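One structure coming up, written as structure tokens, with questions to follow.
Labels run A, B, C, D and E following the written order; every chain starts at residue 1.
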Amino acid sequence: MSVPVSWYLALSAVLFGIGAIGALTRRNGISIFLSIEVMLNAANLSLAAYARQFGEHTGQVIVFFVLAVAAAEAAVGLALFIGVFRGRRTIDVNRMNLMQH
Amino acid sequence: MSTFLALAAGNTLTRLVFFPTAACLPLLFLRRGAVRAVKIYTLVVSLVEVLFGLAYVLSHAAHSGPDGAFPLTRDPRLPWIASYGIHYDLAMDGISMPLALLTILLLPIVILGSWRGIERHWRAFSAAMLVLTTGVLGSLLAYDLFVFYVFWEVMLVPMYLVIGVWGGERRIYAAIKFFLFTMAGSLLMLVGILWLGWTFKMVNGGVWSFAYEDLLRLDLPMGSQVWLFAAFALAFLIKVPIFPLHTWLPDAHVEAPTGGSVILAGILLKLGTYGFLRFAMPLFPQASRAHVPLLVALALIGIIYGALVSWVQVDFKKLVAYSSIAHLGFVMLGLVAADLVAWQGALLQMVNHGLSTGALFLLVGMLYDRRHTKQFADFGGLAKVMPLFAFFLVFSTLASAGLPALNGFAGEFLILAGSYRALGWPAAVATFGVVLAAVYLLKMIQLTLWGPLTRDENRGLSDLSAREVLALAPLCLLMLAIGVAPNFFLRPSQPALSSLLAGYRQRAEAPAPARAALRPLAAPTQANARSTPLAGAPR
Amino acid sequence: MHALDWLWLIPALPFAGAVLNGVVFGWGGRRAPRPLVNAVALGAPLASLAVALACIWQYAQGAWPQPVERVAYAWTTGDLAIDVAFLIDPLAAVMLFVVTFVGFIIHLYSVGYMAHEEGYQRYFAYLNLFMAAMLTLVLGNNYLVMFVGWEGVGLCSYLLIGYYYDQELAPYAGKKAFIVNRVGDFAFLVGMFALVARFGTLDYTRILPRIAAHPGLVTGEYWAGLSFAGFVGLCFFIGAAGKSAQIPLYVWLPDAMAGPTPVSALIHAATMVTAGVYMAVRSNAIYQLAPGISLLVAVVGAATAIFAATIGLAQNDIKKVLAYSTVSQLGYMFLAVGVGAYTAAIFHLTTHAFFKALLFLASGSVIHALGGEQDMSKMGGLRKHLPITYRTFVIGALALAGIPPLAGFFSKDAILAASAAAGHWVLWAVGLLTAGLTAFYMFRAVCLTFHGELRADPEHPAHPAPGEPAPALHLHESPPVMTVPLVILAAGAVAAGWFGIPKVLAFGADLDRFDRFLAPVVARIRGANPLEHDVGAAADLFLIALSVAVAAAGIALAVRAYGGERGPARDRVLAERFPALYGLVANKYYVDEIYDRLIVRPLAWLSRVFWKVVDTFIVDGSINAGAYATELTGDIGRLSTTGNVRNYALYFFLGVILLFWWLVR
Amino acid sequence: MSRADLLSLLPELILTAGGVLILLLDALLPGARRAWTGIALLTTAAAAWGACAAWTAAASDPALTFGGLLETSRMTLAFSQAVLAATALCLLASQGYLRREGILAGEYHALLLWCATGLLLMLRANELLTIFLALELLSLCLYSLAGYHRRVKVSMEAAIKYFLMGAFVSAFALYGIALVYGATGQTRLDAIGAAFAAGRVTVAASLGLLLLVTAFGFKMSLVPFHAWSPDAYQGAPSPFVAFFSVAPKVASALVLYRLLAVTAQGSNAARWSEVVALLSALSMVTGNLLALAQRDIKRMLAYSGIAHMGYLLLALVTLDRDSLNAVFVYLLAYVLMNAGAFAVVAMLYRRPGEQHLIGELAGWGYRFPLLGGCLAICMLSLAGIPPTMGFFGKYLVFLQAISEGHVRLAVLGVVTSLVGVFYYLRVIYVLYMKAESREPEGLLIDGWGRAAAVLAALGTLLLGLWPADLLQWLIGATGTR
Amino acid sequence: MELAIFILFAGLALVSSIVVVTHKNPVYATLSLVLTLFSVAVLFVLLGAPFLAALQILIYAGAILVLFLFVLMLLNVGRQEGPSGHRVQLFTALLGGVAFAAMLVLLFWRQQGGPRPPAAPLSAQLVSLTALAQELFGRYLLQFEIVGLLLLVAVVGATVLARRPPPREPEAEP
């Protein structure tokens, strides 16, 4: 039997939630970024699922582009982490509070 | 734009309003150190402005009717923000004419009075004063509520700077207090203006207008009228100021330099009462009628409370400041009474207060320039060393105290007589303020001029210089002229006031409609207006 | 050319004099040459007197008894039209004469009295200004013009009381006078407003005849049980009480003696203080229609008369005695107004102007001679040194005491007779008693001042000007420029009464020219009987005799008590014997102190509360608290920006959830 | 791809090419770095011309190209020009700063131009995927530029905070796109709108749109999505903040408008207005209150920006044909006054990385009359005092709110802007009413920077005095809707 | 069969993603993410998107995560302390995340009316790479170009950020 699309969607929702929780709770910047990747994947999954549901390509195309975006984001983000680490020797976001609030 | 420039070149209100600001530009090219040049330049500019003012008024007064009425004169309306029905629209009638003239007249006097007191940044000071004049004149002459609001706010910044830059110890506190108080009221008024404009649009088939004459035609239901009236009244009452919204005034006056105080007391406060007369009452007649008891109570509190607090002051300037609260209480009472005589008196009293309190502030400033103190404890017996100062102080004080044959009396008498006719006993209560005025003003004279000259620092004080006399003399002459022959000053504004009053009364007595409606145009708007002829200007 | 067209010149001339001397010549304290100053200072009132006499003459010859009005210009037009206009009628004519005549005399006297003063020029400027204001008051054809003069004289009074402005107390006395007067003015103004509200005008000729013709206009209840006439009458009376120093507003007048003595003579005896009486008489139509208020006026007048007289008994300052006497005599005049004897009031006003001015000027001569000494306990025996002064002073005292045939006798008697005739026997009795007291304290003063031995220390005058060497005492008669006025006034004090000799004493002949001349001023109220004050010739004669007897008794008692060297000792004895009573009287019943405790101090306290508590603490405090609370909210709120990006993400996340809930709820 | 498609893409192409050109020149002629600003400015000007040309050449107004993906209309033209104006001001302000800090290099200009490309694409895009990609494009540029001053710790910190938040939010945006796509099967906004209008509004679609709205709310720093902006503005290079604090908001506002226009067609439009009203109220209140507590001028401006976006939303609470005019005028004013303020801040504060205390400007209004005056004018405009454009913008949005019956919201706006007046005035009184507290040292005030400040201030004033033509032109834009 | 695969890889994805967000060591978290990505790739295949699955493995798991690992090694961040010191943050995040996910799950459930098969059958057209490519370079050309620029930006941005900062050399000029 074929799996109902809503199951995929539910899975994606749960994955998204897990990612969000991770992004909100980790202290290590890169871990946060990893969690965000989980969220992106969750979104991708639901896009693919919807594409399947409608039987057309749009969802897949979006996923395709998101892959590229994720790559670009990762490049810039990781470069940033390197830059920050160079100055501060840490990527713990809890310690990134030089600024007056 | 080109039409605007063409207007500014002629004998028009536009020239009157914008000349001072335009005259700021050359200030940029004067050297920073050339203080004397700046002072003289500013004085010349202000005198030219006086000439412009007189030229305008006299040229139109020549057309006044047999009743001596100053005609409604206006510049051609120029579309400003046409898509919102906003027009650049300046007009002068008998109500705004005296106040505008007062404003213009006070400008050179303020410059003369600040000659010594202002020690730094003269260019900026001149610019502030000139821009302030534009703002005040614009507010007085605007015939479009949007334009009015713009000018109204334009006044704030220069005054804020004048207090804050050239003021005394606590100048920043005072400047901010002044700004925030005024702004608090005017922002709500802005909402009111917008609401009004929108309502007009709703009943006018989707066409915007903020023109005063158009908005006057709006009949609003009581519900919205009350709120709108509250918004407008708040803005104006803060400016007046009326208890309990008055606390900015003593601070602002005490801290402001002489010129600032003169302008503040002489003109800025009047805009509160002027606005009340011009906008708050006629636009919302039923609502204002419904709040007469409250407003009367506030006016009375202002009169009595201002006088009493003034009495116990130990600072010369603060005493005069509080006296303004009392004096403007009279004006408010006159306005609220909605009686022609009271209105005439109120309008006259606005001018009077500008003259006499302006003179008093100038005198305080002259003393401060010499002694760098304003405490009564530091003075006493000054009449001995400064007879001219004593003369002018006594003269202005008496005018302020409402001594007959001087201006204060004419205004107060008309206000109170009219108010008594319209309101009854509250006017009698207010009349008691006359007694209190004598109490605090004579105390003021007592502590400065009379008694033995006890302090050694005061022995060497020089009497007023020719420049200072020149600043004071026109004020005192006007005080005398108004007191002796008020009719000369009343006649030009009487028809304007009486038609405004007639409209107000007629509407105030009718019940408010259930929904907003537009009254039909009685006559073409331009019919009774005499426009400045201007070749090629689009109408 | 009709002299009445020049009516406006009468106040304008002295005004011009004031401007010339005060502003033009005296700019910034400069001094013009003395002859020039004198020419202006005396010329203006003299010219004014001349015009006034011409006008009176012409009026008496021609227009009498109709009032004549001359409009100068419109003060306001339209809804409330008020003209600056002048009016001459019998009442104005009498006042005009008194003011210009006595005024000029006193100007003349001042030339001598003030000769050595530094502020000579300023003095005359003020004095001329006073003349202008007083004449405006008298000549105005409406209440507003009257009020202009009314306040103008108040101002001059303020300036002249505080003439010695560099002293400690004189300016305070001036201020007190002005403020107390203002309390009265407040009521006067309210009365005017009431008239404006009802009649739309303030012209005498458009209000008073109308009231008289239609009493119904003003008799209905208006306010708190008062009719309109009652209300206006009450207001005007309070105003008059302020100006004319009646209970409870008399307190300023004794203090006003801080001014130069000629000022006291002119302003605080002869003219200004009588303005209240003038105003009340001018408004007699109103008072006739307000019997209750009239009674009040009479009672207050009588009370003031006796009250001030008792205080006068124990004063040691010669000018204070005269001041209380003035208060007392003004009380008489109001008594007359209250009982409806309007012409009698004006009659007494006129005679009083002569003899009281005389008394003041004579006392001024004394003070002048003693180098500023006013304390009678330091005088004595001066009759040898100052013969003319002495004689004129005694004439004035006799006139005041009401000894026939001097002026005071006729006028005072007219009042007493009128009170008796009106049936107010209590008031009459009070008046009579006052007459006795008056005679007593006047002759106490005569004795203390002129009889006995000189008690002053010739080397050390009591009141040297501060910072200046004490002037030597020059005990000699004043120069002619001072004594001639005394003599002229003395003649007036003797003869002024002869214009109003009552029928009983004229053996039925109508010699009461004064009453005849003034009679048109008293309004004839429609439907009311004309006032008739006649108790019958016999009773009249008896009453006259009684009053003369009482006066004579007063004099006798005074001479007995204070004659010779007993004077000052007598006061000490009295003080020891009746300490409470003497203290009470000598301290003027502590009225000033009561006012201070009851009104001034609570009001000052209240004002401070307003300032410090209401203004600073409550109003400003709540606004500042609001600002502070706003700032505090911001300060607390900014803690939300922790700097930790995870918190920021959480805000975002929670925001999303919140908005979603809002959207689908 | 047709010629029309290409022509419509002209401004973006010019900007991209300009960036590439600068990058190439930077590699080839490193010595001529100081010319890059000029080239970048020329590119911006060319792009502005290109935008006009694309609009003029468009077949209709609005014209859709790339199969309906890209809109060319008067309104997109206006918003594009606002973005380009911000770019130009930023470029002008940057030169001196970059030289002073020794970090002048072509990447800065290239990234800035590309960021503008992204913004232009985003505001013109009519389709969710395009919007998302443009958003990512500009975001990456912003991350890189925020951390451009690598020596400065706070610059990097600002960048990383912004990056983490940005990535987190784009995940939400993406999920939102997925949900909307799932609910309607469409990614083109007009088609989605049609679906909404047809009554096919599911809860999932609403949530999807909400996620997108929040993503742009984040870019506009609306409360509660705002918290990043003070840190990011404080840390990022000041002249860049002149761009950073305005341009993304301009573009996002138009996208937000498009999204809200979709919701307005749905059956729960009223609920949506409530949401917008809530965001508006929260932003006005929070922004102003927190700005009040700031001592650092950049943070103060950040919070004030939050408040300003709250005011802006007043016009979007209920959409009608005038909303967008108000929004645009407000944004243009905001661009000029905020960019002007940051330009001055960039010149008058040395030592990036430390605080930019307002108090440090004490008395400098007289030492630097021109810059002080410009800053003062910008502050007055921010405070909404006539005759500045800031006032006129406020006037329009309040008018819009009142026209739609949201009087209470307008009153709230008025009350909160009173708080705003207080902290803007603080800058002015520090400038003119306090005694100098420090000597200016190490500043580099060049003609470019002055030009930025003067242009911004002058624009604020002149457009405040003569807004009519602008408005008239804009009304032509919305009149066709 | 399909169901079994779905359950298996869904479970795997869940478990591995939980590890990603909870593991203290970012290196392990990264490796675990590889597993998640792989599971999702398998699900892509089930959903008829084999091309995406390939890309997912190649680009995502292959390139991106290697980049992550590389940076982690470079920075030698290693073990970091537990998720949070902030209990409120942790608790709220958990609650919010769970609520959000639950809400969505509920939403999908309600919306779809329980589990039911997709509306359209799995067509060959959907699975075909050609069709996808045509779409990419036809309808989605603009986006493709944007992505090109995006990658350029990423390259430049990454160099800007990661390059060693130049020494301070302010131009000495007024």
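What to note about this one:
Here is the rule we use: a contact is a pair of C-beta atoms (placed from the backbone, for glycine too) under 8 Å apart; a residue touches a chain by one contact, two chains touch by 3 or more.
These numbers come from a predicted model, not from an experiment.
Common neighbours of subunit B and subunit E (chains touching each): C, D.
Hopping across touching chains, the smallest step count from subunit D to subunit E is 1. The chain with its C-alpha centre at the largest distance from the centre of subunit C is E.
Relative to the centroid of all protein Cα atoms, the closest per-chain Cα centroid is that of B. Of all chain pairs in this entry, the one linked by the most C-beta contacts is A-E. Chain geometry summary: the mean Cα position of subunit C and that of subunit E are 102 Å apart. If you average the Cα atoms of subunit A and of subunit B, the two centres end up 64 Å apart. Centroids built from CA atoms put subunit E at 5 Å from subunit A. Here the spacing of subunit B and subunit D, counted between their Cα centres, is 42 Å.
The set of subunit A residues touching two or more other chains comprises 9, 16, 19-20, 23-27, 32-33, 44, 49, 53-54, 56, 58, 61, 65, 69, 72-73, 76, 80-81, 83, 86, 91, 93-94, 96, 98-99, 101.
Across the assembly, subunit D contributes residues 129, 133, 136, 140, 143-144, 147, 150, 159-161, 164, 168, 172, 203, 207, 230-231, 422 that each touch 2 or more other chains. Shown for subunit E are the residues in touch with two or more other chains, namely 84, 89, 93, 96-97, 100, 104, 108, 111, 140, 143, 147, 150, 153-154, 157-161, 164-165. Chain pairs that touch one another are A-C, A-D, A-E, B-C, B-D, C-D, C-E, D-E.
Across the complex, subunit B meets subunit C through its residues 180, 243-244, 246-247, 250, 305, 308-309, 311-313, 340-341, 344, 381, 383-384, 387-388, 391, 398, 403-405, 409-410, 413-414, 416-418, 420-421, 425, 427-428, 431-432, 434-435, 438-439, 442-443, 446, 449-453, 463-464, 485-487, 490-491, 494, 498. Of all the residues in subunit A, the ones that touch subunit E in their complex are 1-11, 13-28, 30-31, 33-35, 37-38, 41, 44-45, 48-49, 51-58, 60-61, 63-65, 67-76, 78-83, 85-86, 91-92, 94.
Here subunit E touches subunit C in the complex through residues 84, 86, 89, 92-93, 96-97, 99-100, 103, going by the rule given at the top. Contact residues of subunit A toward subunit C in the complex are 20, 23-27, 32, 93-94, 96-99, 101. The residues of subunit D lying in touch with subunit E in their complex are 1, 5, 9, 16, 20, 23, 66-67, 69-70, 99-104, 107, 110-111, 114, 117-118, 121, 129-130, 133-134, 136-137, 140-141, 143-144, 147-148, 150-151, 159, 202-204, 207, 442, 444.
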